[in-house]
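Common to both upcoming complexes is chain A, partnered first by chain B, then by chain C.
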Partner chain A sequence: MAEIVLDVRNQKTSFVTGRGMLAAVDGVSFTLERGKTLGVVGESGSGKSVLSRSIMRLLPGNALVPADSRVVLNGKDLTRLDEGALRRLRGPEMAIVFQDPMTSLNPVLTIGKQIMEVLTFHLGMPKRAARVRAVELLKAVGLPQPDVRVDQYPHQLSGGMRQRVAIAIAIACDPDLLIADEPTTALDVTVQAEILDLLQRMVRERNMAMILITHDMGVVAGRCDEVAVMYAGRIVEQAPVRDLFRNTRMPYTAALLSSIPRVTDPPHRRLDAIEGRPPDLINPPPGCPFAPRCKLADAACDAGVPPLEGPGRHRYACIRPLGQEAAA
Partner chain B sequence: MRYLLYRLRRLAIVLGVVTFITFLLVNVLPGDVAYQMAGMDSSEEEVQAIRDELGLGRPVLVRYAEWVGGVFTGDWGKSFISDENVWDAITDRFPVSFELMILAQFLALAMAIPAGIASAFRPNGRADRIIGGLAFASVSMPSFMTAILLIFVFALGLGWLPATGYEPLSSGLWANLRPMILPALSLALVEWTILMRTLRVEMIAVLQENYIALARAKGMSNLRILLVHALRPSSFSMITLLGLQVARLLGGTIIIEQIFGIPGVGRLLIHAVYTRDFIVIQGCVTFFALAFVTANFLVDIAYAWLDPRIRTGGAHG
Partner chain C sequence: MNDLTPFLAIDNLTVEYPLAGGRKVHAVTDFTAHVRRGETLGLVGESGCGKSSAARAVMQLPRPTGGQVTLDGQALTGLRGQALQKARRRFQMIFQDPIASLNPRMTVREIVSAPLDIAGIGTRAERDERVAAMLEKVGLNADQAMERRPHEFSGGQCQRISIARALVLEPDLLVCDEAVSALDVSVQAQVLNLLETLKRDLGLTMLFISHDLAVVKHVSDRVAVMYLGRLCELADAETIYTAPRHPYTRTLLSAVPEPDPDAPPRAVSMVPGELPSPVNPPSGCPFRTRCPRASDTCAATMPPLEEMAPGQFVACHHPHDGAGISA
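Presenting the complex of A and B:
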């Protein structure tokens, strides 16, 4: 039995807005083992990023989390820790890589300084040792000329190099959990694969657990152990990556998969875009949130929110799952 | 280098315009220095004789050109009233005014930076509202009113600081600073508000940046985030204002020097205006313009220190 690094139980995150309460994350539960990568896939606004910030406990002041939500990291319940204790965990136990490396590094500090401050603050390293370590880290993430780059400012680096620096910052204190929040969305396509490979290598070498958040099904396919598909703040299907692609149950997952263009498609084929729009999270529909856009939905789908359940590690929140006819 | 030449050209234009306009204005005013020199009971002939002697009857443009020529050869002229060399008169008194201005800006910044940070940390929070209230009260009062209030409380009431006077630096640092505190504070109590509000607005925006979110995710403390990560990118507008405020302070010192009896350039200028001693007025105004342009030149240098993108000349994004 592998060691469980992260255990999220019934995480709910709402925001107080002018129109009412917006449930951005609405009852998400999962566990993540050391050395494993969980892909979290969903459209914009499905709650992926809010989920990552809920785990890090980096939510804005108007966010509400009910008392029964639990985030347990290495056996410590983060929902019960005060700000000072959380601060000591951010870096050494959990770290995050943000989407846009153009804006996530401080423009007025050298990249060396931005890495070193993590080392001096969390590990109590003296400045000189921290600098040596920073150069090593930059080398580890594949930044060319690390001993020169360490004294440069973010604007002197390309987007891909900046994301490497952001990864160096994230792994500086050897965290147990690394959250990569759409780490390649803002990058050139040619650089995307390099950054994903780097993340994968870091997870393997340092035996971390990773949550890879993306809206791109193609990204999760080769690089994750398990995939969770999010829709309207909930996980609607979660399975080991092969099961998800081969035995897709949830019509939403199927719709996401078929909206990826394929090289084998005949030219000028129309993409299968999902019709309609995600539901209003302030006034969600009474039943399955995907029912209004689902081709297979019937009256029963509007009766109540289906629970996330299923055989083994393959769970789905659907009462009209795909592929059941054949199985029966 | 090209940039420097560009700045120097601008400096020349500013100085030319400013000095010419003052020259004209002083000449347009009724009454001239000849009346003052001749004395109360002099006849019109005596006054006219002095005018002829000084060459005041000649066209304004000719006299302006003469004055400019003098300045370029280091001759700023002599006061008609006291016969004092204008250059010496200004350089004797300017350090006093300069000290007052620097002290005022220093006090203003010392109040504005912590207050601005505290306000921006939780906008509309309790600290923000208290600081905002104090700031508006303090900016609503003109500096000469503040001066009177400060004298009343700290000099007359508590007796902590002298109400007037000046001590040269040779009498010791504290002896020199002591009588300067109230005048500098009177000026600073107006200026700090503007600096504080500017810093607050810019910092509120900076605190929304992704790199601040990353600093939080790195486990940095709030204090470190505010001081190390947010303060420098938030101070551009404030630094710009710091340069522009030099103009306001130059005006402010004139009144404040009067109230507190400080022998600075402000008092020299006021006296010269009363006596129509235009050569002294000219000298003071030129000096003020020079000080203003220099201050703003320093601000441009400060930008480069604040923002490495300017320093290294790299492309954005």
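Presenting the complex of A and C:
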């Protein structure tokens, strides 16, 4: 039995807004094993970033998490830990890489200082040794001239280089769980390929578990073991990556896949757009959140929210799944 | 090149931005492309390649440093003041950020009507009628939308409002600068389909700028690939994607992640390193510092744009033979 690094159970995260309670993450459960990468895909507002911050316990003050939500990392229930204990875990046990390396790095500290800070705080490394280690880490993430760059400031680096630095900081204390939240969305496509290669290599070499959050189905297709598709704060389908693409069950996943323009399509192919827009999370529909836009929905779909269930590791939240004839 | 009488002719376009100390950002250098009436030319490249600067230079926003832009026989680069304002009715633009490009204090009626007001077209009632008809055409309910303000709409709906504003003067040329890049895929598909429909119904000529190669392929008849201010390759959409000859085009295509778990992993063939600065571009071919095929010739001279197959123009000393890319 593989070692389970992360166990998320019924995570719910809501925000108090002027119009009422907004359920950004609405009952998400999954487990993640060491050495595996879970892709989390969704459109804006689907809750994927709030989920990553809920796991890291990096939520703003107006966020509400009910008492029965659980995030268990290496057997420790993060929901029961105070801020001091969480701080000691962020780095050695879990780390996150954000979308925009310009805002996630401190502009007035050299990148060397920002890496050394982590090493001295968590590992108690003396300054000298921390600096040597910082250069090693910059080398490991493929930053050219690491011994020169270590004394530079973020603004002296390109976007791709800054993201490499953010990854170096994230892996500095060998975390068991790495969350990459849209790590390449701000980068050009050729740089994106390099950064995704780097993340994949780090996961393999260090035997970490990774959650790769993205809006891009192309990114998850080649880089993940399993994929979870989120819609309106819930996981609506989760499966090993080939199953998700080849044996899609949830109509939302299918609609999302067919709305993507592909370089392999002939020019001017009409795209299968999903009409309408995602539901208002302050007043969600009573049943399946995708039902109002779903071509296969009927009255039963409005009766209640379908649970995420399914055979084996392929789970879907749908009472009118695709390919049912084949499965019967 | 291309056609004897292009509808939009961009010739030897150069855009430079001055910096302190007499230095310059060479945003676009000697860019030439001709677009036929009713055709969509896609302009792709990574950040800093000059695609947006080229688009703005076509719009005369601001006027280019050098070169000529001619629309339907009229030299836009020569126009000033009132004459330019009058000519602008024929070419309009939509921008990337659908929310930032709409004035939050104005109602949708005021926003879409503004071009008509400026051009002094029709009575108020006639203008309202045209605004309403245009809103319906872009898929909005005019009765519900007219008196509302941008914040009441989603990103996709705001982009529809932008499109209505751009098209209300019935322009011939529509310039789309990353027009769908800020939208989610499901909404992006709606807007792309809408643009295709409008182009067909209204006979629009389009210049479509995007960093997303898949999006560009969906709307373009021909595609121009830019790198560091220069045109690398220009060909019909199918050829660019299936038989590219410029090493940069091939690099760019191989880096696009395909939404297919069984797609064979493709190595991105590019020399590791960084994009050179447009303030101080490399001598000769700008791609030579990252190009696996570069030689001394590439450092010495900029390769001229040559027609290497019918309709396929490539600026490279060592082009590929045009064999399929995925094979």
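Just so it is clear, the second predicted complex is superposed on the first by the 325 of 328 C-alpha atoms of A that agree within 3 Å, B and C clash if a C-alpha of one lies under 4 Å from a C-alpha of the other, contacts with A are read in each partner's own complex, and residues count from 1 in each chain.
Here, a residue touches a chain if its C-beta (ideal position, glycine included) is under 8 Å from a C-beta of that chain, and two chains touch if they have at least 3 such contacts.
All figures in this text were calculated on a predicted structure; none of them were measured in a lab.
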Fit or clash between chain C and chain B when superposed on chain A: fit
First (chain B), second (chain C), both or neither touched by A:267: second
Following superposition on chain A: angle at chain A, chain B versus chain C, Cα, nearest 10°: 80
Contacts of A:4 with chain B and chain C, given as first, second, both or neither: neither
Which of chain B and chain C A:242 touches, first, second, both or neither: second
Partner chain in contact with A:109 - chain B first, chain C second, else both or neither: first
Chain B versus chain C as contact partner of A:192, first or second or both or neither: second
Partner, of chain C and chain B, that touches more residues belonging to chain A: C
Closest approach of chain C to chain B (Cα atoms, Å): 11
Chain A-touching residues of chain C, taken from the complex the two chains share: 46-47, 154, 156, 184-190, 192-193, 196, 211-215, 217-221, 237-238, 241, 251-253, 255-263, 265, 268, 270, 272-275
Chain B-touching residues of chain A, taken from the complex the two chains share: 56, 58, 86-92, 95-96, 98, 100, 102-109, 117-118, 121-122, 153, 155-156, 166, 169
Parts of chain B lying in touch with chain A, wherever the complex brings them together: 209-211, 213-221, 224, 228-229, 232-233, 306-309, 312, 314-317
Residues of chain A defined as touching chain C within the complex: 43-44, 142, 144, 158, 160-161, 188-190, 192-194, 196, 215-219, 221-223, 241-242, 244-246, 255-257, 259-275, 277
